[in-house]
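Shared between the two complexes below is chain A, which pairs with chain B and chain C, respectively.
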Partner chain A sequence: MDKQNNKAWLYLIPALIFIGVFMVYPLVDVLIYSFEEGYNSASQTYNGVGGYNYSFVLRDPYFLQAVKNTFILVIITVPLSTGIALLISVGLSSIKPLRNLFQTVYFLPYVTNTLAVGLVFMILFKKTPYSDGLVNLLINWFGGSSVDFIDGPYAAKMFVLCFYTIWVVMPFKILILTSALASVNRDYYNAAKVDGTSPFRIFRRITLPMISPMLFYLIITGFIGAFKAYSDAVALFGTDLNAAGMNTIVGYIYDMLYGNSGGYPSYASAAAIILFIIVLTITCINLIVRRRFVHTK
Partner chain B sequence: MKVVLENLTKKFPSKNKKEHSEVVAVNNFSFEIPDGKLVGLLGPSGCGKSTALNLISGLLKPTSGKIFFGDDDVTTIPPENRGVGLVFQSYALYPHLTVRQNIIFPLENLKGKNKLSKEEMNKKALEIAKLVQIDKLMDRKPSELSGGQQQRVAIARALVKIPKVLLLDEPLSNLDARLRLQTREEIRRIQKETGITTVFVTHDQEEAMSISDLIIVMKDGVIQQIGEPQSVYDNPVNLFVAQFLGTPQITVFSGEIKNGGLYIGEDKVLSIITDYSGPVKVGVRPEGYIPAADGALSCNLCRIEVMGRDISVVSSNPLAESEIIRSIISSDNKIDTSSATVRFNLKPSKVHLFRPDNGERIDFSLN
Partner chain C sequence: MTNLSNYEKTEKKVSVRKKFFNVIVYTLLSIWGLMVLFPFYWMILSSVKSYSAYSSEFVPKFFTLSPTLENFFDAFTAVPLADYFVNTLIFTVLTTAVMLAVIIPAAFAFARLNFKGKNLLFTLILALMMIPNELVIITNFTTITNLDMRNTFSGLIFPSVMSVFYIYLLRENFAQIPDDLYYAAKVDGTSDFKYMMKVMVPICRPTIITVTILKVIECWNSYVWPRLITDDQNYFLVSNGIQEIRENGFGRENIPAMMAAVVVISIPLIVLFLIFRKKIMEGVARGGTKG
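Up next, the complex of A and B:
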């Protein structure tokens, strides 16, 4: 039996080394950094050990803004994108003609370059000396006055960011959900139909429970992904996110490491640990909720 | 409730788009299922029997023809309003619901004046569960049940609304051999107790013969023969039906009718009178052989299999269509295993003659 165990460990070594070097070591390192006060990466020295980095970060208005932005983004985009993706997937599964065409169209954002998408959003939303952007043209058409979505009021900017995020994450969700829907045995639907079940009840009592494992997978990864949002904000508002008031937690960490105010790895580490704790908490809550609601075989 | 099908036809568009041809799954079905009977729809895979069942349930719309439940034309009525109970081959039990919730599910759909209270639903579910003997498993999930128990739950769910017609699609195909025997008796009992007109689909002729009041033999979407199991077995209308029913299978020889006799090769096996003369297919049931030293039909003896009650004599004959001929004889008979040949007389009632061109039955009487 020992021999058997040794063999197993041998097979596991590559993966363990990989996880150790690229995941466990950095995580521990970041944790250590986050408690080293006044760390200087050039001289590799620090003044002392303590919780100052955390108290600085937690009092930094830029960080608080970033946390607020990230939470708004998460709370709006995760339910909305999952819900809309579910609607579209159910629609796609129940139509026959042109289904492949629609599937391709809905999948396009997934294969499109982020910067190209950013450019498109620029045309849609950005005010230039020549035009107020397509969306503003539409608003004007209906008699409203132009809104500056990129440099204007906070709500407008947040709207664009959420809109963008939802649009970008949707294709993957649609892909997962359409295949989840397709894998539900038709017999369940036929059985329900023969028993006179209304379409809405079929959806609520059969379809939803059947695809709930996939749905929860999407919600959990959606939460994690939205908490890690950064590149989307850069694509829309440029690299100086603090000035735009649209920074995210990951953006804040990046700025602390390399940005204009850069060179504070201790603060960056503290912020990273805080993000880690937030994501861990949310994921644990998700898993507890999942155990209650998701049907597993 | 009697069920009547009138010239029912279902065509599916062909998968091959270039050909524009159609697959006729059910071709001009007309039959009547008397009230309270258990009917077996029997045929090889792909003969359209499940399609026929789905037409009766309403899940498929017929291309032409009519379906009546009693005197009501239900052809255009959607499945939910037909009052049928359907048991799927896969059972289609909702895996996330308990047995109780599964059985109650159809009742919860009732609306308006038919609406039931929670207690009534539970009471009905328990009644049905007792009937199919699963009342002790009510709070389990389907995945915690054996195949036979799942089958019963599926039947209970189909019965709980008291359907006019109960439809079973290959109800026993997912069960092991012993459970299959037990469950088919169970289906028979439940059907008798409820008196609900029942149609079940199977490709297993033994299954169909053993529990059906009537069997309908199908091939390529066309009904071959309808009748009581024994009469279909004893009087098959064509070669297909004769070959499809019975295990071991009927043996078919190439023979000829001439000079007032039936010949297999040089052996005159029976003296018969018939209008037909010329080459024929001769089907002989396994139980139709009587071993005799001066028997009319001579075969090459291969081996003897003793099965306790019976002996199975395996022999061969160049004029038989199959490589071996299996004849079942009583174990009282003694067969000389040292001899290379075995001779049989044939029981006339177990011999069926068919035209070689279209396989239709040729009637004959003994001389």
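Up next, the complex of A and C:
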């Protein structure tokens, strides 16, 4: 037993070193950073301890803009993407021919590089002196006038960001929902059919309750993922997100850390902790709501 | 007689309704399919249009009659795309290899060996799954900078190695292997290490492959950490390369060449996906996140 005890630690040591150095230590450290005032990264000194970093971040217009952008993004993309994914998954599970083909196609965005494909979206939406771009061409066909989606009005930029975000997160949601739908016991449906229940009622009374745990899982991960949005925005608007007015909270953290406006790890830490608190709060609210609505056996 | 015809009528009505329903479903699915595929089509199409043809189209054309490969040539000569590619390959292979070497023994210890505080330690490690990456990346950035490991492969790789979730996934799989096998091997005088490598790893190969593929996808697409830790082009990965190309590459307006680079970057993962389609989708359903 004792011999095995020592041996077990031998097997664990590499993993524990990695976890300790790159996960646990940073976690403690980031808290300390966030309370060290006037930290200078060159000399690694600071001149006091307190909440100044937090009050600075919370009053920084760039941060407030980032919070606003992130919240809009979350509120629009999470319900929309979950809803559309549910619609598509229900459609997918009601057909047989071509189902595999559709599933394969729908999954493609998952395995593509967010930055690379974001560039394609930028080109589709961008208006340049040489060309109005494809999306504007479509708008013109329907009688609208061209809009610059990349350097233009805020609403247009937000629209592209939401559109691309939904495009990116869809594969995961469709995959999870189709497998949830496939695992619903057929007996329930057969019983309902014998009773002559209408399809809509079957969906509301059987399908929805049965897949509700997975649906809530998707909503929670969707919230968390959307709050951490960053690379989608970089892909569309470039690395200087503050200039584009399209920064996200995570983008703000990285900008504070590094880059043209960087060198302030204390501010970055404070912002990261604020983000963590926001995400934690939303997740808790979700879990409370979940307890009320999700069907459990 | 009347009963029968009534029945037939109902049946006919149902089948008409069913057909109508099917038309709607297929239309809906096809629309989303087009939405997914169109960006890929556009990217390939733009990459084979010549620069002059592309820039003379004020109204973009949906096809081209004179495809050219010169953009791909440009992508490899005007910017160091090949270097970005090799860097990403090295980064992906090494990170995944180190991860496997670290998590397999850890999962083995949690699943098979007994030691004091095992459950407590496992719970603590699971709790770490809730910690967002953004929180730890700040200190990691400072650590790597202080160690003077910016613009090195070790600086890129080491902080990217650990994935707590995969330890959990592997442990669950290891734990399913019956204990009898272990005792039989012990009687035969097999060492723990040999048992892990010769029995457990082969039995759990499907899970290990899944974990490997998920990690490869993650590495190939990683952007944030490499961006923070490298500013020397010689160490850029493809994501950073693409961003660099976009901001200073071919001259801002040479979109066909950019698209060629995007095609080249996207191909490896798409090929990997088409080969391991089932495995990847299963793996993601079990353990993927993103979005």
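Note that in this section the second predicted complex is superposed on the first by the 272 of 297 C-alpha atoms of A that agree within 3 Å, B and C clash if a C-alpha of one lies under 4 Å from a C-alpha of the other, contacts with A are read in each partner's own complex, and residues count from 1 in each chain.
Assume contacts are C-beta pairs under 8 Å (C-beta built on N, C-alpha and C of every residue); 3 or more make two chains touch, one makes a residue touch a chain.
Bear in mind the structure is a predicted one, so any value in this text is a computation, not a measurement.
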Touching partner for A:201 - first (chain B), second (chain C), both, neither: first
Which superposed partner A:269 touches (first chain B, second chain C, both, neither): second
Partner chain in contact with A:187 - chain B first, chain C second, else both or neither: first
First, second, both or neither for A:288, with chain B first and chain C second: neither
Of chain C and chain B, partner touching more chain A residues: C
Touched partner set for A:258, first chain B, second chain C, both or neither: second
First, second, both or neither for A:209, with chain B first and chain C second: first
Chain A - residues contacting chain C, complex: 1, 4-5, 7-9, 11-12, 14-16, 18-19, 21-27, 29-30, 33, 41, 81, 84, 87-88, 91-92, 94-95, 98, 102-117, 119-121, 123-124, 128, 130-134, 137, 165, 167-170, 172-173, 175-176, 179, 221-222, 224-226, 228, 230-231, 234, 238-239, 250, 253-254, 257-258, 265, 268-269, 272-273, 275-276, 279
Touching residues on chain B, where the partner in the complex is chain A: 57-59, 79-81, 84-86, 88-90, 92, 94-96, 105-106, 109-110, 143, 157, 161
Parts of chain A lying in touch with chain B, wherever the complex brings them together: 185, 187-188, 190-198, 201, 205-206, 209-210, 295, 297
Interface residues, chain C side, partner chain A - complex: 21-22, 25-26, 28-29, 32-33, 35-37, 39-40, 42-43, 46, 55, 57-60, 101-103, 105-106, 108-110, 113-116, 118, 121, 125, 128, 131-143, 158-159, 161-162, 164, 167, 192, 217, 220-221, 223-224, 227-228, 238-239, 242-243, 246-247, 253, 255, 258-259, 261-262, 265-266, 269-270, 272-274, 277, 280-281, 284-285, 288-291
